[in-house]
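As written, the chains take the letters A, B, C and D, and residue 1 is the first residue of each chain.
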Amino acid sequence: MSDDLDLVLASSAENVPVVRQAVRGLLDAAAVRDQLAGDVLLAVTEACTNVVRHAYREAAAPGEIEITASSDGRRLVIAVRDRGCGLTPRIDSPGLGLGLPVIAAVSDRMEVHDVDGGGTLVTMEFALAQSDDGAG
Amino acid sequence: MTLPTIQLEPDPRGLVVVALAGEHDLSSAEALRESLVEAARSPGMVVDLDMAEFVDSSILGVLVQAFRDARESGRGFVLVMGDQTPAPVRRVVSLTRLDHVLPTLPDRQAALAAALVPTAPVDNE
Amino acid sequence: MSDDLDLVLASSAENVPVVRQAVRGLLDAAAVRDQLAGDVLLAVTEACTNVVRHAYREAAAPGEIEITASSDGRRLVIAVRDRGCGLTPRIDSPGLGLGLPVIAAVSDRMEVHDVDGGGTLVTMEFALAQSDDGAG
Amino acid sequence: MTLPTIQLEPDPRGLVVVALAGEHDLSSAEALRESLVEAARSPGMVVDLDMAEFVDSSILGVLVQAFRDARESGRGFVLVMGDQTPAPVRRVVSLTRLDHVLPTLPDRQAALAAALVPTAPVDNE
């Protein structure tokens, strides 16, 4: 499984559509369309939004979002990583608390992992409709 | 990528239509919030998603807040969304059950008529 | 890695403390104490609460919660499974939206997986303080 | 397993202390909600967590709702939690930052004095 996308951007609201556009290019190239493509774009957007909103809220300087995507033709795995404060709940979150459940709902598997040295890694996996016989 | 736009369209009855087009996410959420505050100066507003190609949960959060404000101040608030709305927008709205929480109609004219009436909750368990 | 706990209970609020007590027995036996023990009990409670509150909300009859826990001495893995509606976000949730973030915050890894045939599997992993030399 | 108990203790000034003991979760959340509604008939309440051995997010949700109700109706609401409170309770409160959202004091007497004053938000971003 090789990395199909490896992107590092400043953690800012302006970069959320940039990430989505990069992932859309990948999906187009892989002929992933319709609801599956839309679900992937939604999940990636939610994960990046969480980084921008939460990960660096106590940091002196804004940090980065790292996005990798890879596929073996059967599954698409997208990872969104930050080097922020680590995932903690917030009763006073400005959001509706829909981000993680939206990701979990549209993906087949969502994983939230602590990052060594601080930060959060959110991994999302999607089953791709199989068009040929590639073995797992 | 289609850039997000937000258009405020006054209606002869004094209502305001807030029409979203393109892709909306955190990068346009604050502009949307400000537009909805502006629109809340009228007795009722309609938020039209028919030209929106993408919305995420940060946008839904802004819509829910505007709806709550409308309910508290006795103004009308109706969302326009129907079969003609782009599929990604319909998907996130139905996934989160936004259309069970906000008054939602498929047609702008019907929505305008409904927005003349102060907001009451659709469904709140 | 063998199953140290395998419990199936009716999905009801009354059974949430029962699950916690069963997991506490396991932690006591493994000499897991203090904050780590508390975090495990909190995460398990949150996962079971989600099943009771959400998983069977559209079901004709209440279903079951299945809890398994296993440890290789280095890591404790707890899985909470239901056969309900699958994880979907709810704008009108009766909760504060803290369950998943609390689990993610106190565990080292949280995974949300769709269950074949319907339902949700939440897996939580905790690193155990190592008292001897057992190899991974 | 320590069974959950909820005790309502009237105070000479007309306030009510709601004292939790044992382990509280979804199985006692509804009883707690009812006790807090009962306590809200007084001009102010103190919720004392010092004897609570466990609380989860469903209990925090009930506390936050009671706090919001108190704020809306101009009643006092103060939480008691400090170094003497069992560690699992302190852990979930600080993890979720509940003590940044609800007025929280380490001592019941101080909390009672504070609960005589109508609730104002501590911190709301």
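By definition in this document, a residue touches a chain if its C-beta (ideal position, glycine included) is under 8 Å from a C-beta of that chain, and two chains touch if they have at least 3 such contacts.
Quick caveat, the model's predicted, so the values are computed rather than measured.
**Student:** Can you name the chains that touch chain B as well as chain D?
**Tutor:** Intersection of chain B and chain D contact lists gives A, C.
**Student:** Using the stated contact rule, I'd like to know whether C-D or A-D comes out ahead in C-beta pair count.
**Tutor:** Pair with more contacting C-beta pairs, C-D versus A-D: C-D.
**Student:** Using mean CA coordinates as chain centres, what's the chain A-chain B distance in Å?
**Tutor:** 27
**Student:** With chain centres taken as the means of their Cα atoms, state the distance from chain B to chain C in Å.
**Tutor:** The mean C-alpha positions of chain B and chain C differ by 38 Å.
**Student:** Multi-chain contacts only, two chains or more: what residues does chain D have there?
**Tutor:** Chain D, residues with two or more chain partners: 57, 60, 64, 95-96.
**Student:** By residue number and range, which residues of chain A touch two or more other chains?
**Tutor:** Counting only residues that touch two or more other chains, chain A contributes 88-91, 94, 96, 98, 102, 105.
**Student:** Mapping chain-to-chain touches, which pattern fits: line, ring, star, complete or other?
**Tutor:** other
**Student:** What are all the touching pairs of chains?
**Tutor:** A-B, A-C, A-D, B-C, C-D
**Student:** Under the definition above, what is the set of chain C residues touching chain D in their complex?
**Tutor:** 13-14, 16-17, 20-21, 24, 34-35, 38-39, 41-42, 45-46, 49, 52-53, 94-96, 98-99, 102, 105-106
**Student:** Which chain C residues qualify as touching chain A in the complex?
**Tutor:** Per the touch definition, chain C meets chain A at residues 86-91, 93, 96-98, 100-102, 104-105, 108-114, 120.
**Student:** Along chain A, where are the residues that touch chain D in the complex?
**Tutor:** 88-92, 94
**Student:** Where on chain B does chain A make contact in their complex?
**Tutor:** Listed in rising order, the residues are 1, 23, 25-27, 29-30, 54, 56-58, 60-61, 64, 87-88, 91-92, 95-96.
**Student:** Okay, in this complex, where on chain D does chain A touch?
**Tutor:** Per the stated touch rule, the residues are 57, 60, 64, 95-98, 100-101, 123-125.
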